[in-house]
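Sharing a structure below in structure tokens format, with a few things to ask.
Should a chain be cited, it is by its letter among A, B, C and D, assigned in written order, with residues numbered from 1 in that chain.
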Amino acid sequence: MSDLTLAAAQTLVATALRTARERNLKPLCVVVYDARGALKSFAAEDGTSLRRGEIARGKANGALALGLGSRAIAKRAQEQPEFVAAVSHVVGPEALVPVAGGVLVRDGEGRVVGAVGISGDTSDNDEICALAGIEAAGFNGDTGA
Amino acid sequence: MSDLTLAAAQTLVATALRTARERNLKPLCVVVYDARGALKSFAAEDGTSLRRGEIARGKANGALALGLGSRAIAKRAQEQPEFVAAVSHVVGPEALVPVAGGVLVRDGEGRVVGAVGISGDTSDNDEICALAGIEAAGFNGDTGA
Amino acid sequence: MSDLTLAAAQTLVATALRTARERNLKPLCVVVYDARGALKSFAAEDGTSLRRGEIARGKANGALALGLGSRAIAKRAQEQPEFVAAVSHVVGPEALVPVAGGVLVRDGEGRVVGAVGISGDTSDNDEICALAGIEAAGFNGDTGA
Amino acid sequence: MSDLTLAAAQTLVATALRTARERNLKPLCVVVYDARGALKSFAAEDGTSLRRGEIARGKANGALALGLGSRAIAKRAQEQPEFVAAVSHVVGPEALVPVAGGVLVRDGEGRVVGAVGISGDTSDNDEICALAGIEAAGFNGDTGA
């Protein structure tokens, strides 16, 4: 069902965190889900706040739930806040966090094989790290831009 | 694990409430969490409304969850209401109340050792009492200002 | 609505914890609710495990919810486990923990003015501390025995 | 606040999974929490079932919540099933899975710095992998035996 192996997910996380350190970003949480929405790999850098991981999860879960990178969900939340608020109740316990940093992972044929969520710095920087990780793992990132 | 002892937390609560009585504020609820987000000490003055304590808890829990005093979360809620509304779903059952009065407790090296939440009077007055309590307990308050 | 003042609740907590220290019990969490089920006073001794406070709350909340000391609920849980399991879903987010240590606080006329929950040592010892605290505060404890 | 660094947690996970492969165990999920109950590191081997990770999380979360390795919780569940069933409602959304494989991570002074949960093979084998990982990371495992 899922082509996103643990080895690929671990390469993704390691590259995202190396990108964050090269740019001197704040400590990040990085989550990778497979295509089923099952947690595949996770890392919380030292110094992250208590629920930072849940925010990362909400970005990735929202992207998978709606089939849209969280940048697109953020745009929709500004245009139709009541829609996004309501949907956040029905997408499972990880809910939905409508800001950039939740990126769909697509294979060469465009199929969704998983999603990445990153939180800790600005949402633009979070997204840059997610894209670097996805590319290193041999997939294409879909931010919703 | 946590440097915020029960003795210190009780000093904090007693000072916050004495400050409130000296200023003739409305009855307050005061909550202290440790760094794990575990409830450490709590007091509801006589006359507080039915869910006043939950509001105090939401201020403190939000601060711990995001690593930001609730005054900063209030500012973010005005700029990006849909973000803060969504995050309130993913920070645990105590949720998040984005107004002043949720203050991080930091030790001399800047480490977060807990959080205080106060509700009952204006949020500015709630915050004044939190800061007085944190100082009496020998720590530094971080309001997010 | 409630005659259980903060001053009385704080006397209750202090006496319960002094009783625990005199007996060399494990570190305890003590919770006091008023008659409305609103949190009135709380203390977690240093060294309590992460969710020990939630267990104390579940004992007290169950007692208030059913109007029975948690020792009686424990007995019912052994006789009718499916009843108690089901009820635990409908008594609010603090749920219900069916072992001794959740004690109703009654005034001289038998009216329920609150409930105490203690967790950390054996449930029999937890209950002893609750009863000591309730007596010191000038009320009568109803364990459900 | 937590002495369990990401580097140590990643060593722990890698060693646990290497131990599993050397023994030809079924695919595992490995979760590491820090002392706050915040997710620190996670890996799901290829081929794990849809909610295997949630089982691993419930083992580790129960251990942290009660301050007991999940082997001890399993024993309690056989003696007092209604107690453990009830407590699983009050230990947070990850709940509690009362079988071996949830191991407390203690430092040299006995302080709890986190917890590991593993699920996928027999619970005895899951626990062997957890202990191997904890030792490789320089800590002591407390299984509740």
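Structural remarks
One rule holds in what follows: a contact is a pair of C-beta atoms (placed from the backbone, for glycine too) under 8 Å apart; a residue touches a chain by one contact, two chains touch by 3 or more.
The shown structure was predicted, so the numbers you read here are calculated from the model rather than taken from an experiment.
Where chain A touches chain D, the two copies mostly use the same residue numbers: shared numbers make up over half of all numbers in play. For the interfaces A-B and B-D, the C-beta contact count is higher for A-B.
The centroid of the Cα atoms in chain A and the matching centroid in chain C are 43 Å apart.
Inter-chain centre distance (chain A to chain D, centres taken as mean C-alpha positions): 25 Å. Centroids built from CA atoms put chain D at 32 Å from chain B.
Shown for chain B are the residues in touch with two or more other chains, namely 2, 35-37, 92-93, 112. Chain-to-chain contact here is organised irregularly, matching neither a line nor a ring nor a star, and falling short of all pairs touching.
All chain pairs in contact, by the document's touch criterion: A-B, A-D, B-C, B-D, C-D.
Of all residues in chain B, only 1-2, 35-37, 92-93, 111-113 touch chain D in the complex they form.
Across the complex, chain C is touched by residues 35-37, 64-68, 80-83, 85-87, 89-92, 112 of chain D. Residues of chain C touching chain D in their complex: 48-52, 54-55, 57-58, 74, 77-78, 81, 84-85, 88-89, 94-99.
Of all residues in chain D, those touching chain A in their complex are 2, 5-6, 10, 29, 34, 36, 38-46, 48, 50-53, 93.
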